[in-house]
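For reference, the structure I am asking about is given below.
A, B, C and D label the chains in the order they appear, each numbered from 1.
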Amino acid sequence: SSRILLNIEDYHQVAKEKLSKMAYDYYRSGADDEITLQENVDAYRRIKLRPRVFVDVSHHSTNTECCSVTLLNGQTTCSIPLLIAPTAMHRMADDEGECSTARAAVRANTVMILSSLSTTRIEDVAQAHQQALKQYPTSTSQLWFQLYILKDRAFTKRLVERAENAGFRALVVTVDACRFGNREIDHRNGFRLPENMQLENLYDAGLKQAQNEHVSALNDFIANNLDASLTWSDIKWLRQISRLPIIVKGIMTGEDAQLAVQAGVDGIVVSNHGARQVDTTFSTIEVLPEIVTAIRTISNKKKIDIYIDGGIRRGTDILKALALGADAVLVGRPILWGLAANGSQGVFDVLEVFKRELKLAMMLCGCVSLPSRNMPTSSLVTMPKSKL
Amino acid sequence: SSRILLNIEDYHQVAKEKLSKMAYDYYRSGADDEITLQENVDAYRRIKLRPRVFVDVSHHSTNTECCSVTLLNGQTTCSIPLLIAPTAMHRMADDEGECSTARAAVRANTVMILSSLSTTRIEDVAQAHQQALKQYPTSTSQLWFQLYILKDRAFTKRLVERAENAGFRALVVTVDACRFGNREIDHRNGFRLPENMQLENLYDAGLKQAQNEHVSALNDFIANNLDASLTWSDIKWLRQISRLPIIVKGIMTGEDAQLAVQAGVDGIVVSNHGARQVDTTFSTIEVLPEIVTAIRTISNKKKIDIYIDGGIRRGTDILKALALGADAVLVGRPILWGLAANGSQGVFDVLEVFKRELKLAMMLCGCVSLPSRNMPTSSLVTMPKSKL
Amino acid sequence: SSRILLNIEDYHQVAKEKLSKMAYDYYRSGADDEITLQENVDAYRRIKLRPRVFVDVSHHSTNTECCSVTLLNGQTTCSIPLLIAPTAMHRMADDEGECSTARAAVRANTVMILSSLSTTRIEDVAQAHQQALKQYPTSTSQLWFQLYILKDRAFTKRLVERAENAGFRALVVTVDACRFGNREIDHRNGFRLPENMQLENLYDAGLKQAQNEHVSALNDFIANNLDASLTWSDIKWLRQISRLPIIVKGIMTGEDAQLAVQAGVDGIVVSNHGARQVDTTFSTIEVLPEIVTAIRTISNKKKIDIYIDGGIRRGTDILKALALGADAVLVGRPILWGLAANGSQGVFDVLEVFKRELKLAMMLCGCVSLPSRNMPTSSLVTMPKSKL
Amino acid sequence: SSRILLNIEDYHQVAKEKLSKMAYDYYRSGADDEITLQENVDAYRRIKLRPRVFVDVSHHSTNTECCSVTLLNGQTTCSIPLLIAPTAMHRMADDEGECSTARAAVRANTVMILSSLSTTRIEDVAQAHQQALKQYPTSTSQLWFQLYILKDRAFTKRLVERAENAGFRALVVTVDACRFGNREIDHRNGFRLPENMQLENLYDAGLKQAQNEHVSALNDFIANNLDASLTWSDIKWLRQISRLPIIVKGIMTGEDAQLAVQAGVDGIVVSNHGARQVDTTFSTIEVLPEIVTAIRTISNKKKIDIYIDGGIRRGTDILKALALGADAVLVGRPILWGLAANGSQGVFDVLEVFKRELKLAMMLCGCVSLPSRNMPTSSLVTMPKSKL
């Protein structure tokens, strides 16, 4: 349509119209009563910015690199401190699914984290990414691979090797999903993947049979195949089978952040899985300060990257997350809305919206550069007292 | 109907459709403006869980006993820390009323607390329970008897003896109802029991005449027969006439919790009677910490069970109550919704929903076992600052 | 109608139907955006009761005096700690207006405070009150007179003398109305008194001409005749012209409460004039503790009565006000709703609702007697932290 | 229409009806999700007044000067501590636009701050103002000029000289707009100035071509011409080219307030630009105390005027702002609503509403005179604890 799409919510609305109810509900929904789903967004609205004025921010107009960040101790550079979160089943939103997303990541010059539950094979996404890089040779975009460690360790090892061989540059191990959360709308819709799609990477693991069945078949598969006995010592095993940097995704407490550091990870993602696992947990931005402090407390030579996701919908949200100690943010649903609205171009446009909004927010708040973990927090944002 | 019933609210909606307005309103309503009724539910939503990750919770998949609790110093075992609260007049929801509920308690392996105001005789409920136990011989389900101490002590004694003889295993003395609260909708509906039902246990006490009259007749009966002069010393009297464990139900302050301990009870139920007595009192979960502390303060060799009821609608609610110091929870209305929706099977299904949700919440929060009073609270939940 | 009227809100709804829009709006409305009007009611809902159990409250069933209070150092006794607040123009609600209200006060055995702006002459209300006392000889009901001190002191003196001669037993000097507040709906309605009514007591002061005009005429009259130069020393003048006890109505700060005590008054009414004067001031119950403390601070042999009004709609509200230090409460609008709904009988019924609800609240909260200023506050109520 | 217009909201509603959607939306809207736009108004509602009684406020009735303030160290006097904020493009609301506003400022005896983005030439507004002063010779009304410092300093200097020559008496330098905020409704409406209007003062700067284009043309013009490299040292430059007092508008932090004082300004306006720049920043009244304290901290012989704008809609709001330390307030949208509703007369009426409401609030709160920065804050208002 010729409607003007200005912000992420605009893309959401178009996506809602274009997607089947089943796919839209799958993408949108959260666990139980979706209280945390709402909180993830609302919490940002309660955090207040303290704009500074009469600061020379003129370089933002010309310098296209003013929002770029370096991650993983220099191994990665993004043009914006915003990465594409791993989300399952992109082909429900777009025919070329994860490939379209990968191409947009290249064009927008950021990282795409591919989900284990993708509807496109690891190698095919890698190839689409490679080809796009040829078209945009200055792009430093990378692919990272999101991993579920399965009971079948041999199979898991194969997945990791495939990703590494295909050129993926980091492993993002999701640690908050020993089971899937209670997303009721999927049960009501009898959610299943459309006939012509499957979870390509898990094919060999036996999902093929399950996927054309009802949602409970999918949940059963997960329950049967995901390894609920994982502990922090399993990070060692991963180190043995791969030389890729390891980021753990799903940290919600200072205690676990410290365990992650002690386990030797390269980064953590503060995440409640987009509020799809435990309901009535905190919004992620509310726990970020606790986690930043916990990590600072146990001094550690190696710098640990801190990412955060959940509820980021505006440029000001990114600014707040960084001011509170994140190195970069991940976004999940906004990417899916862009993809459903207009394929690869839609994803690119969504990323551009974030970039434009972030830049404007920086200028209007008098930020010469992106806020960093060493900046005193209170200078740019004021955290709300817990509303509880 | 073939509607999918996933959660307690689903059962509520079906029950609302199936019940007469008069019965539904009687079950649903609370005192005055129903502010506490809403608060009982809302308070749980404000308490936030702190999920831990990478904890080995794999035993939950196979171990069906992982949610089971031992109560009353080992005299009782339930497969889930959730008991059926005493609620009046089950035959308005189901033809076989309290018998259906008792059968579900057996099947789900938990305790049913029978109300004094049941529409089935004590002995008949006991018999149904016995027969069901034969069908499910591994079940450790028990019946407990909820007692209103009447002015007529001889009659009260007879009630207790009948319960004890019939095999009931504990007395739950309701202490928050020297009068009935102001439930206006019952007055507007001219609430009365349907023709073919009566408060079977109070028959001899003279209620027979009253019950087919208007609600005010019921209230008058209560006002005339309940003993408003009771004090803690009356617990002694009860000890003299029965050897059953005594639990007092309706404690809302630390002061009264201490008096209860001093009076030598075996357990207390933190309860505001489902918000049916005093309006604008606290939600029960808000006062639980005060009460747990009060009991801990007066050291006492005998372990006192702490139960809580009011507003529990999700597995996460149970987890929170236990993390804050309860040994088990009671649920009232959810049982009635199950009973109205589908009789004994409906009650069983409601109990299964709670069990499934609790188990999932434990796994996703990294709970190896049920939280207990000795665990540091802050590790699993964060209590809201009083919203007041 | 044959509708069941259970609570104050029920009377409000009937009154709304029966009254002309102009009269209803005049009675209901508050200043500016009516934020404080709402707060007066909402604040009570945020204050939480702490019910005690197993207290012998059996005497409440038989003892009809268990809610009675003694005021003004023994000069006054009411059967309930609730007085009829002075409100203008009762004849808009009922043909016999203030006389009907006075009769209900006698029957319910409480004090009626007659407004200076009554639509019935002081002497006529006194006569109706006298006659009713003959019918209910055990009633200890009194009339008190609410006074606006006018610029014309001679006229004011005459008013006081007339009240004293007619048997009124106390003067309630309203100190928060040097002007009338901005009640916009009256301007929109072009509020004026119906043809056959007038502010009988102010007739000689020149209001006669004004009253049949538009609301601004009434406001102008007030602006021209009320004395905006009053200070605390004017209480002395009043002492000189009358031996009646003096109560000042409209105190909202600890500072003014202390000035009142120093000026030698016999009582104060914590009041924001039913939120009809300053908008976005506090609810009265929120400032009561500050005022009780301020009065306690300046030790003073003579006991000062502390009354409170604004937003009292439930028996639990009365209990809370007393627990927080009030000797009794006043109610304004509920009386007008009763009067409009059913004349003198309606006022009586409204008073009975309060009495019944208060008694039930006392029993369910385990109050042996009415809470008093010397009782530790926290035992019965928990004040909310300021929501601001 | 013959509708009664009592308060600012009434004028808003009439303006909404009379204006084109495009103009109305431009005037009304704020940045992003308009959270701060709402907060600017809501914050005042949470601040509570503490009315004092029995204070002699009788002089307010006769003394028309009781609300008047002296500003800029005696160089300016207004009959009310409320100035007309600079807002762009008055001719969209009224044919004679800024001239009509200027005339109302004279009649109401207050300051009008003319926007750089006016649709009338500086000199024409000055002339209208002069002529009105002849008609109201006792008025002490002044014009002040709001300045955007452009990259083209020569052009900027010319603007300042033109304003100074035309008799403007102070410069209000807007420091919070190195770019325009993200006001989405303007993009959706394709906002542009009507054919027969232009930004008269910026004509020579090249805007002529841009303005008949889409909103993005206007934004591009601003982005290209506003100087985003400004720092506090640029205040020096302004001092060199003009002897007018300098006020900086757009301060939201204590830090910037101190920098402003150190840069030698004569006043600051605590402002978030009517919530049109950064969304999810604080409401202005919430940060006022921080700023007043910051300025008090760095002792400075010269008195710095503190103004505040944003969300002021009632007389009580003015009282609160002054009690919290402001010398006067500015209002933006209410002036536009008056202008749209009824031209110059409408603006005058709006100013009269504020005057009437302020006066009444002062009387009802027992304010002998306007609250001032030296008065203890707590005596008149209670700031809410941060709601965050």
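Throughout what follows, contacts are C-beta pairs under 8 Å (C-beta built on N, C-alpha and C of every residue); 3 or more make two chains touch, one makes a residue touch a chain.
Note that the structure is a prediction, hence the values are computed from the model and not measured.
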item	value
Mutual neighbours - chains that touch chain B and chain C alike	none
Maximum centroid distance from chain D, chain identifier (CA atoms)	B
Interface numbering overlap (same over half, different under half) for chain C and chain D	different
Centroid spacing, where centroids are CA-atom means, of chain B and chain D in whole angstrom	61
Distance between chain centroids, defined by C-alpha means - chain A, chain B (Å)	43
For chain A, residues contacting two or more additional chains	385, 387
Chain contact topology (line, ring, star, complete or other)	ring
Set of all touching chain pairs, with the criterion as stated earlier	A-B, A-D, B-C, C-D
Of chain B, residues touching chain A in the complex	4, 6-7, 44-58, 60-61, 314, 316, 357, 360-361, 363-365, 379, 382-385, 387
Interfacial residue positions of chain B with respect to chain C in the complex	32-33, 35, 175-176, 178-179, 181-182, 184, 187-188, 223, 227-232, 234, 248, 250-253, 255-256, 259, 272, 277-282, 385-388
